[in-house]
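Dropping the structures in below, format is structure tokens.
Each of the next two complexes has chain A plus one more chain, namely chain B in the first and chain C in the second.
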Partner chain A sequence: MRRALGRLGHLFLVMWVVASLTFVLFRLMPGDPTLNFLSPSFSEETRAALLKGFGLDKSIWQQYLIYMNNLLHGDLGMSFLQGKSVYALLAEALPNTIILTIVSVCGAYAFGIVAGAFLAFQRGGATEAVAIPVALATRAAPEFWLGMLLLAGLSFEAGWFPTGGALSPGEQPGSFSVLLLSRDYWWHLALPALTLMLYLLGLPLLLMRATMLDVLNDEFIVMARMKGLSRWSIIMRHAARNALLPIVTAFALGLGASIGGNVVIESVFAWPGIGRLLVQAVQSADYPLAQGAFILIAAVLVVMNSVADFVYSALDPRVSLRARR
Partner chain B sequence: MRGVSALPFALWRFLRCEAFAAVGASIYFCIAMLAIFADRLAPYDPRAILRVGSRVARYLPMSADHWLGTTSSGRDVLSQVIYGTRAALAVGLTAAFVVVAIGTLLGLLSGYLGGWTDRIVTWLADIVLGLPFLPFMLVLAALTHPGTGVVIFTVSALLWPNTARVIRSQVLSLRERAWVEAARVTGCSTTRIMFVHVLPQVLPLAALYGSVAIGWAILAEASASFLGFGDPETLSWGVMLQEAYANQALSRGAWNWFAPPGAAIMSMVLAGFLISRGSEKLLFPKLADQ
Partner chain C sequence: MSLLSVRDLQVTYASRAGPVRAVDGMDLDVPAASITGLVGESGCGKSTLGRALMGVLPESGRITGGQVMFEGQDLVRLSASAQRAMRWRRMSFIPQTAMNALDPVQRLRTQMFEVLQERGGVSRRDAQQRSAALFTMVGLDPQRLADYPHQFSGGMRQRASIALALALSPSLVIADEPVTALDVIVQRQVLDVLRDLQARLNLAMILVTHDMAVVAYACDRVAVMYAGRIVESGPVAAVLERPLHPYTMGLTHAFPDVHGGEDVLVPIEGAPPSLLNPPPGCRFAPRCPFAEPACHASSPPLRSGASDHQVACWRAGDADVLRQLAAKPATWAGA
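Showing the complex of A and B:
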């Protein structure tokens, strides 16, 4: 319990430093920071209200305090582009990013774990000689390029998938739960999710294979073999359970990292998520929106890092094994 | 220096035994050759706008004159890919050197000194791991000025914890060895033990992480360029892909334009992975039978 609280404290500390770094980062930009946060297109009253609300007329320290206070209340300012609040724009984009990430990370790990366990048993064979370089190659390819290849082949040439966006033109983007039931949405999701899955696949596959080999050399496996258990039972009931521990940690880290790493995939497929929002915001100098998206992505990453940390210590093989004995 | 004179021999023996590492090393060799002799090997000036008769040679397919065809602005794709090796090596080597230098130094300090130094480095690493890589690079590029400098800075500032962690754990075990104790007893200063006795022992490991860092740096440069935050003046594979994407190469099915630069990036990053996989066996014999 005390350790969990300590971790929580650590999490907030890291979060605070990252938020402060973001504050500093966004004030590094050239020119008048006041102008950077207030679009010339805003009316005189809006400008005055925002100027006051964000304390842009005050000293940098007061601005920092106001920024932190606003952050804690989820007030991230107004976007230049659409005149909407940053909060509303992020809330609109976040579900799309989460769906894309979860579908592809889960797919990659499910397939990677099975394929990795399989490869561990094909050690030294021809399958391995082909599969390992291929797995390494998918990690080495730029993810947006994989996306471009799939887009050119499966969308533009074969015409099987849409070429971008989340809905066909003319479809109404109702509420999110309606969207989740729409076939059109999933049809649009298929290609970006497949790309991301391909890109992410290598890590769980290689990790599973390596830990499986490690575990298979362990004494308790030799024991199981001596007891005359079937090969399948050894793999599934004894080896895989222990080999899964590092994978679970990597899974948590992978979820956090790929929410931020989706930036390029979302841009290739014009998928309306947080990453694309960040790119658009940065390209059009929409600083409040860029800042909000950046903080959100960083927060997800920090939280998932802590989760991975926690899972790792909670599932540490030595600890749990000792408890079981 | 017994180690140095035996190095070429050891390297040869290593490459002969490790097929993965040998393939990786030959990819690096080819890329280095292409970069050095780019001006002789490239059939055309990569920036020249080529013409067929009086018309600009746009979107030419693969042919004997243009092995990989031409771009939408009538430039030779093969020549651009060949010149791209220079940008890739420049970004990759610089960033890898900086990131490994920082990681090794901090890993060495925190592993050997322990105590507060260790705590501060671990704490810094935790913060850095909380910064999302690509978004950080984009924001930094947008707020300062886009280009290779930002890529190198981001790679060095955000990727050092991986190297530092591994070097640290290696130093922790080296610190307890008898020869370190012996050096301490004979009156060597802490600085001398760290940099003269311990550092050379961890350098191979650092080089291993360097070969992977080259790959990350090239991928980072490609992603930044693709999103429009690269240096448009540089002839890099990322800039080529961005141009292809922006000029409808995908809907035109101009595979000859967008497939080669990506394949070049992939082979170079893969080379780093292969080398590190091969040398892991050399550095950690315990893992060899995996």
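Showing the complex of A and C:
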């Protein structure tokens, strides 16, 4: 119990630091939020009125205190540019990002783990000579480049997939559950998800192969063979079970990082998620929206970190979150 | 009649530099219901022999000749599936480091049940009782079956490994350096458990070790291995008190006396020959202070000397004289 509280306090501290940093960071950026509304020809009074409306006429300390106070009450403020509450904008974009991330990360890890384990058994063969450079290449290729290649080939040339967005023009978004059942939505999701999946695939694949090779050399695998256990028991119950431990951590962290790190892919495919929202906010110096997006991303990362710790301790008896007995 | 009899066994590892014969023309007899010590220095092939008998050589290793008769069957010619069927049921293994030999993420109970159920065809309820009985037998509290390996001390892990090895009542147990990683007090406790169980269950056991003190304490018979071959074998008392091979003589002086004499420890200078390209004659000749031209020319066969005591040495006839010379440290300094 005390440990859980300590952990919670720790999370709180991290979030406070993140919130403060984003606050300072965006105010250090060049650019003035009013410039997006006003041409330079507007009078100085109009500009002052606008700044006052945003609350930017107050001293930076006052702004910070108001911001923190609002944050503690769960109020992320209003977007300068779009005039809607930041909360509503994020709530609209988050599901899209979550779907994109979950589909890609799960796909990449499911395929990567199986392929990595398979490659561990094909050590030194021709399969390995082809598969490893390919895995390294997809890992090294920039996401936007890969995305643009796929767009050029499969959308513009072949016309199999839409070129961007989440829905075809004219389609109504409707509620989230309706969206999930819409074929059009999944059709739009295919290319960005494929790109992200290819980009993410290398890590689980190479990691699984390496840990599997490690584990297969462990003494308890030799012992399992001496015991005359079936190949299936040896691979599934002993080898894979032990080799999966580091992958689990990578998975949880990858999920967290991806939710915040989809900026590039969401921009290339005009996917209406958090990443694209963040880019728009930064470009137009929309402080509240940018701060809100950053805090959300940081919160997801921090939570996924804790999830990784927790899952790891559940899988490996040697790791314990509780104090030792 | 021996339970296990190895004849002219050869185990070869493929390496970049060419084939390495880790076991090269080995003869060994293991009688039923007794402990046979297998001693030799690191790299002499004693662990390779254990793994070859269990049929789990590393990928680069292969049995390239000879025969291994065990319970009326030649293991070398047995099909892979017949060999797998025999493993652990008739012949089991106690590993060198119980640390990594137990799966770190599975409870001891799970690992015990796995063997009993998958290999022994025992029902879950019987597995429960049998596991508890096995743990009690090796001196562990059956409650600890619910624990993971990392919650055990080194000695307890080794006891658990012994319990696992005995789960299916094999007739032969190969123990590969079972006490090497333990401190001397725990060593003795584990050896006592092994001896006691061997006698109670009428087991045959091969105890691989590099420690003469372990042989003297726990074994009935001993086989001394050097560079892939047996150079001397026989009852422990005979071999330790009246060694016939110069290597054995050297070994007995290289370990402290159990009774605490003030002897100086005398090392055997030099290192074993490369098994990639072994010398043509006796493999110990380059380090042997008593080597003659004949020793360098051809390799001596393992022959029976006095009752039940075998040696592979051209100068075995002079053993009584050599033994007196070997007792002087100066003899070994010059070689």
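Brief remarks on what is shown
Convention: the second predicted complex is superposed on the first by the 269 of 325 C-alpha atoms of A that agree within 3 Å, B and C clash if a C-alpha of one lies under 4 Å from a C-alpha of the other, contacts with A are read in each partner's own complex, and residues count from 1 in each chain.
By definition in this document, a contact is a pair of C-beta atoms (placed from the backbone, for glycine too) under 8 Å apart; a residue touches a chain by one contact, two chains touch by 3 or more.
Computed from a predicted structure; not experimentally measured.
Overlaying the two complexes via chain A leaves chain B and chain C side by side, clear of any clash.
Shared-chain residue A:Ser233: touches chain C; no touch with chain B. After overlaying the two complexes on the shared chain, residue contacts for A:Ala88 are found with neither chain B nor chain C.
More residues of chain A are touched by B (comparison of chain B with chain C). By the touch criterion defined above, A:Leu213 lies against chain B but remains apart from chain C after alignment on the C-alpha atoms of chain A. Touch criterion met: A:Leu278 reaches chain B, while chain C stays clear of it.
In the superposition on chain A, A:Arg225 contacts chain C only, with no contact to chain B.
For the pair chain B and chain C, the model built by superposing on chain A gives 13 Å as the shortest CA-CA distance. Touched by chain B in one complex and by chain C in the other is not one residue of chain A. On the side of chain A, the complex with chain C involves touching residues 218-220, 222-230, 233, 237-238, 241-242, 245, 315-318. Listed in rising order, the residues of chain B touching chain A in the complex are 20, 126-127, 129-136, 138-144, 215, 219, 222-223, 226-229, 238, 241, 244-245, 249-251, 253, 255, 258-259, 261-262, 265-267, 269-270, 272-274, 277, 290. Within the complex formed with chain B, the residues of chain A that make contact are 10, 14-15, 17-18, 21, 25-26, 28-30, 133, 136-137, 139-142, 144-146, 148-149, 151-152, 156-157, 163, 210, 213-214, 257, 259-261, 263-264, 267-268, 275, 278-279, 282-283, 285, 290, 293-294, 297-298, 301-302, 305. Put simply, chain C touches chain A in their complex at residues 51, 54-56, 84-89, 92-93, 95, 97, 100-107, 114-115, 118-119, 148, 150.
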